Amino acid sequence: MIESIHYDGPHEECGVFGIYSTKHDVARLTYFGIYAMQHRGQESAGIATSDGHESYIHKEMGMVSQVFKEHHLAALKGHVAIGHNRYSTTGGSRLANCSPYLVETVHGPLGVSHNGNLTNATELRQKLLERGTGMAATSDSEVITQILAAPSKTWATGHPDHLDHWERRLWSLLNIADGAYSLAVLTRDALYAVRDGNGLRPLCLGRLEDGGYVVASESCALGTIGATYVREIEPGEMVRIDHTGIRSTHVINDKKRALCVFEYVYFARPDSMFEGQVIHEVRQKLGMQLAREAPVKADVVIPVPDSAFPAAIGYALESGIPFTEGLTKNRYIGRTFIQPSDELRRQKVTLKYNTLASNLAGKRVVLIDDSIVRGNTAGPLVQLLRDAGAREVHVRVSSPPVRHPCFMGIDMATYGELIAHKLDVEGIRKKIGADTLHYLTLEGMDAMVSEHPKSRKAECGHCNACFSGNYPIEVPTWVGEEDRSDFIGLPMVSETS
Amino acid sequence: MIESIHYDGPHEECGVFGIYSTKHDVARLTYFGIYAMQHRGQESAGIATSDGHESYIHKEMGMVSQVFKEHHLAALKGHVAIGHNRYSTTGGSRLANCSPYLVETVHGPLGVSHNGNLTNATELRQKLLERGTGMAATSDSEVITQILAAPSKTWATGHPDHLDHWERRLWSLLNIADGAYSLAVLTRDALYAVRDGNGLRPLCLGRLEDGGYVVASESCALGTIGATYVREIEPGEMVRIDHTGIRSTHVINDKKRALCVFEYVYFARPDSMFEGQVIHEVRQKLGMQLAREAPVKADVVIPVPDSAFPAAIGYALESGIPFTEGLTKNRYIGRTFIQPSDELRRQKVTLKYNTLASNLAGKRVVLIDDSIVRGNTAGPLVQLLRDAGAREVHVRVSSPPVRHPCFMGIDMATYGELIAHKLDVEGIRKKIGADTLHYLTLEGMDAMVSEHPKSRKAECGHCNACFSGNYPIEVPTWVGEEDRSDFIGLPMVSETS
Amino acid sequence: MIESIHYDGPHEECGVFGIYSTKHDVARLTYFGIYAMQHRGQESAGIATSDGHESYIHKEMGMVSQVFKEHHLAALKGHVAIGHNRYSTTGGSRLANCSPYLVETVHGPLGVSHNGNLTNATELRQKLLERGTGMAATSDSEVITQILAAPSKTWATGHPDHLDHWERRLWSLLNIADGAYSLAVLTRDALYAVRDGNGLRPLCLGRLEDGGYVVASESCALGTIGATYVREIEPGEMVRIDHTGIRSTHVINDKKRALCVFEYVYFARPDSMFEGQVIHEVRQKLGMQLAREAPVKADVVIPVPDSAFPAAIGYALESGIPFTEGLTKNRYIGRTFIQPSDELRRQKVTLKYNTLASNLAGKRVVLIDDSIVRGNTAGPLVQLLRDAGAREVHVRVSSPPVRHPCFMGIDMATYGELIAHKLDVEGIRKKIGADTLHYLTLEGMDAMVSEHPKSRKAECGHCNACFSGNYPIEVPTWVGEEDRSDFIGLPMVSETS
Amino acid sequence: MIESIHYDGPHEECGVFGIYSTKHDVARLTYFGIYAMQHRGQESAGIATSDGHESYIHKEMGMVSQVFKEHHLAALKGHVAIGHNRYSTTGGSRLANCSPYLVETVHGPLGVSHNGNLTNATELRQKLLERGTGMAATSDSEVITQILAAPSKTWATGHPDHLDHWERRLWSLLNIADGAYSLAVLTRDALYAVRDGNGLRPLCLGRLEDGGYVVASESCALGTIGATYVREIEPGEMVRIDHTGIRSTHVINDKKRALCVFEYVYFARPDSMFEGQVIHEVRQKLGMQLAREAPVKADVVIPVPDSAFPAAIGYALESGIPFTEGLTKNRYIGRTFIQPSDELRRQKVTLKYNTLASNLAGKRVVLIDDSIVRGNTAGPLVQLLRDAGAREVHVRVSSPPVRHPCFMGIDMATYGELIAHKLDVEGIRKKIGADTLHYLTLEGMDAMVSEHPKSRKAECGHCNACFSGNYPIEVPTWVGEEDRSDFIGLPMVSETS
């Protein structure tokens, strides 16, 4: 029980960072950039740099603050740098899969920092193997790196003439790689940024005071290092940043905009911004819309800590029902490898949540969660609230039921693991023991995440396939298999540690 | 600037845990007990056990989850255990000061887990040195341990006849040790719990289903392991728990009850309970009272995250002004040893806080903080709010000005570091740049922390000396010296690591 | 002074091990195999295995006993394994260069364990880069691995028809790779062993009781695991070992046999055997020949510990002058990162050697060393002997002067570092302060290392180029440059650790 | 089999070092001093210093070169230092038992570095417990430290008037502590050196160029740091070294001189010196005497490597039979935690020794060992020699049979483990399978270790109790119990690591 509570949320996956600056300590800024995006991946961290002559790298399993010491940063010299936070969705948890990747090529060093899942990674990898490239790791990132290491004509032809050799290779990649990917690419003297044709994963651009540039998965990484938000890298866009300034090429123009809506719902840091909209604000709006769609007579509105706070605040503001806290979460909780005893398991005690009885006893409670994926947490939480004396428990979810798997990089990859695939809302209500249960409607959600003025200019578009089943890209043949937890499935090498 | 924001709050200091159970894996329960109290000290962690024949110990620098692996717990055999979370206020940060202490004595093993500061530790340590005991560490805990290792008559006479030899030694300790201390003491076959005569530091008692007992600094550690809250250990009380059951002796009866009120204001976990009152509830009440004392016309109430949430909720509930979030805090932030560049420092950017402009722009904002000690955070936060477009910023603090140092274990030990000792409220307001600034009154705070029915039975009493200057115990001669950051000052041994 | 004494000897470089056995724990036997060859490389150690389905690897910086724990071996499953001890001559000391290399290819896993230096590695690597393979490391081993990952026809044509696909790739490698290399290659279900056409680096074959086979750089690794010595892998030979047994193909037949004679002189463990000759025996014979060539009237023969013991014993046996010890060496000395103070340096005290005055005082001493490369040790040792009272010091070296650099893998790669390139024998004698100095003649050495019956069957042949300048392979254009310490020079990636 | 070969020799136990110098970096010199004495203990290492104001310590499990980094030495400030190499004979292998001990006392810091075993440690420890001192460790060193921390009159009266307070405490210790101990003691401003009344464990004095002094268990530690040997600390002597110079007090004068003869036979480094005699020279003489006492017709003399080299050289010199090597030992062998497979065990292969057949085949071999304690190695070695073709194997041991346990600190503490207690010489010969077996006679050994001119001045005297049963001190009551492997037996605290 405790375990399942622990891992219920869909997991975030990877933060990407890149910087070009001749005046700053680029490794140090990269450090603080990926430190700010720690929530996107806690498995490993890495930084690669180039000073125009040599390239440098340090990466290790662990959190950013554990992986880097001052002497590492001192050794990471240069004016170009990329950084990475990794959460492993494919490829397994091992040193060889740590990012960034850094290799030597005929054109000098090539470093790749990547967020997303290629849906045709298996096919691309097979092509690389058939070309005769030995593959040391099992991650998409190595596939991308080795594709870029090969001449661009290997993969596609018809590049615009004005492109430099790296732009040609990235142009080819954009033409053959399917699925979700946002990339920061380091070469000897330049930084490149790329986003897949649908813009499934986020990537934004910032400017430093000194004229340098930064790219990052989330805008929260810009503020941390004193950079100013400029704009998003567009879907299908490829940007080159070097001593001549910034050059943009729109490689893919014909695909539907489809930023993962789960970034709004759950993944991103509340102070980040996508499509001109601050996440916290969007989440508050989702809560407000939820209050309009699914009102209830109640005494208090409480969030599931910590991610549902903004939605609960919105629900309270809209409904007029007072906001308060009814559940606390151990804020120092981290990875523990110690297993509870059977006795503790039997008692279903929880290491993570506790109730605040004075805000619950005798009360009609609205419990706000941002999403329900596997459904392991909601039931125990409802029970905790009842044990603390709640008279009624009304669960409200600020997103629609998750009924379809994601094959674009989110850690909810099979039908079998999704509670809303197996049960209807009433079935879920019964299972979790709530008095009432309501999800936000798809229409309601779509309206709230597109309400910003900018969206009217059609610069806004989302993938909501996990809610709607309406995938923005071709569904790979393997989707629908119940028992596949790893889509790419390349566990050829088991590294012991 | 960043650094001072980082370390502004008064620091928590030490969690104490003890357990006696013949049916549970006591080391494992101790692990989860101190894991739940991680907020009380992140410097080191340790567990000692006894199986009636041998005693065992494992302790190290680091967080609980880093210090213990399964094989450590497997080796910590027995039916009695004590645990400790350490935050060093005295004695310095080094391995020799890790707790618990475990020594062999003429009566077998003796382990001590301690929270608090002895105000006469220097004198007691000098007596031990004069007796001819070599002292390996510089902590109060070693002083207590070696006092208990010596015959009780060394220190005091007149013990009640019925006491066993360990109770006699603890009786003597209670009669000679001044200041704040809550102890869990392990012997070969029993667990003892002791609280100083004023009850300055908390300690509570819980019962396991199987008849065993638990003591812990905070009740949150009980729920985590499936134990039921029974009551607090009383000020001046000594409890023995062994195979015959539980036996209580009230050693000191004539002192004023004086639980540290800062435990309510800031230290304790919101779901813990002191004197029958849940911390979160008390903090909400403090916020409510603050709204009554210092109302203001405003559009939103926002907390300084995370500790001021309950007070801000209370202020919002009482004032009717909507509660929302205006500041976010990087929830993955941890100890980083990487220093920002001078350029980052110059820009005063912050690694820890960010603003949510949509909740602030054009708004009149009430910013709730739970306390202001050194005053380094408030100014930059007010500026951040203004930069995000706040029209007015009204700072409200849910406790009175901290004007007097604490010599009982809280990390605010000199007049010189207290902003409210140097400036009056108007001076502070100017310095932090707020439109208005109000603190909760001492009377208001006292009323709110004593409102519980139990308090009317005079079982409630607090030390509010840091606010009032009204110390419940004799003020040591060294108090008032501006430049002493370490009261006991025994840095005789510097251990390199 | 101390430092130069420390690092004077030419450094050993890499031990190679491979095993195929369906009945043994192949990882464990590999562990003991590379443990026995620890003297060939102390920088890093690694083992890779395959169980026919998956492949496994563990490698790290450090000594064999530090790198592996029981749980690593338990995870290294399979019936094929390769192992490696690394001493870095090229590529730099960093994690990415640790061996073995293990990659996935179109034909499944491919692991390479390698000893030697390719003289055309730069060209081959350039071809790989031009093919579009990104190279993550800077070692020859990665070059070999990626060559083998590509189709054989990429590199050469004309393979015999009966070869399997891996044999074809190895056949191509043997046809294009110049220089020194002995390889153990792991695939999904087979072990391959290869030795360059000149047989510059050693590699031998052993049989296990159960029918399995082992290959190793030195025969000492066979005895350690209970395997029986069968024979050497022949120069230019490629051996395949799998469930069908063993199959040999002689790929290169037209090159001069040229086993590195320094293996006899210094590198190999005394109990290993090359060309039918036990190293210790050969070294004794070198000492005997030295006594015949360069006799001297003296009272005692003493070795430079530890490597010159066998030669000194030989000199003593042949000359009749008593053998004894005059110098001791701290046998626990290991890598220390602590620098002596300037005061210690000034006094020229030594951490490594000490004298035994009773065997030296008033004596005429013959000091036997096996070789003099840079000449930093001999002078201080002669002085130490004189300080201890030696009346005369006659230095005798059981190999000729080292006048030419090695570009086939030994850590003496430039003319500039060789004392015998700069000074004649009399010049060296003066510099080191000996009464007399004699080296073994080239003819004397050649005779002694070829005296074994087997040599008369022309199955014996050596590279003595460092003594004679007579290189068995084409001299690369870069040889002779004074200031190049790293021949291949691919320091493109600096990994911080 | 392998295991028993591994651990057959009696184990060394502890190196002691102390230095007083106002001109040198005393921590650095201490580092090199204990580095030179690494052979005396590989379990843990430590250094403590004092600068007259504060004291400093760093100690850890591991070899000297692993335990100390530059930053540790930089932090170990001062002009007085003590160091320690620990091999645990009593007290168990755990962090709390690492040395030196450093405590604060009424007279300031007190550090103790100790070699030897107190035979009345249990009684003294009990007295400390009864005094009321909690004991954190289980080693003799803590007992000594806490005795010294207490007023001298606690333990004994009648101190000469001129002694300072530390001298008085050491005077008391010398009067109450029985058994073997050599101590280096650090106080705030002085270094003290003490040797037990019989002088069972060695300790010598050296002088630095600048007027400072050094004490060390072995003289090899003096040369390493550029100090000049002055003399031994005398049995029963106490020396004080401070800014006033050196002061000696002879506390115990009436005991028999009894330096452990096993130091000559096996423990000490060959280049160290006791009683004016260099160890290597004494061992050569033991071999010569053995040749005179037990001659044999043979073709070669070979040593058991490495410790029997000097004795074998002596046997060869005296007998005229050529010295050579017949066994090699893996010089890189270190602690491995990997267990051989059962298959390897069954084959009795050895990881440590290998034979050199060319020096053995068809030969009559004299195998020289320095001692036989448990008898587990000799048999397998004889068999190895026969397997390599030796025609005859004559074992000669350069010390008498070990028939009696040592309770003064050597790791051979019970009758049961001594092969010569269970079997006579003929029985041992049969068991090990030698053609002949002879031990050196007690008279022969005694003559050789006392041959130096100095010995005629009666400044030489040895404990040979393990050979003769003639103990120089009272035999504790517990001696003779077969199953006690730990004499003091205080395993009260089990520390997990």
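Read from first to last, the chains carry the letters A, B, C and D; within each, the first residue is number 1.
In this text, a residue touches a chain if its C-beta (ideal position, glycine included) is under 8 Å from a C-beta of that chain, and two chains touch if they have at least 3 such contacts.
As the structure is a prediction and not an experimental result, all values here were calculated from the model.
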item: Set of chains whose contacts include both chain C and chain A; value: none
item: Maximum centroid distance from chain A, chain identifier (CA atoms); value: D
item: Pair from A-B, B-D or C-D with over half of its contact pairs in common with A-C; value: B-D
item: Chain B-chain D separation of Cα centroids, rounded to whole Å; value: 50
item: Chain A and chain B: spacing of chain centres that average the CA atoms, whole Å; value: 37
item: Between chain C and chain B, distance of the C-alpha-averaged centres to the nearest whole Å; value: 62
item: Where chain B touches two or more other chains at once, by residue number; value: none
item: Contact pairs between chains, per stated definition; value: A-B, A-C, B-D, C-D
item: Residues of chain C touching chain A in the complex; value: 54-58, 71-72, 75-76, 101-106, 108-110, 126, 129-136, 138, 145-146, 148-151, 154, 490-497
item: Interface residues, chain B side, partner chain A - complex; value: 24-25, 28-29, 31-32, 35-36, 38-39, 42, 63-65, 68-70, 73, 220, 223-226, 269-271, 278, 280-281, 284, 306, 309-310, 313, 316-317, 322-325, 328, 330-341, 343-344, 347, 349-351, 354-359
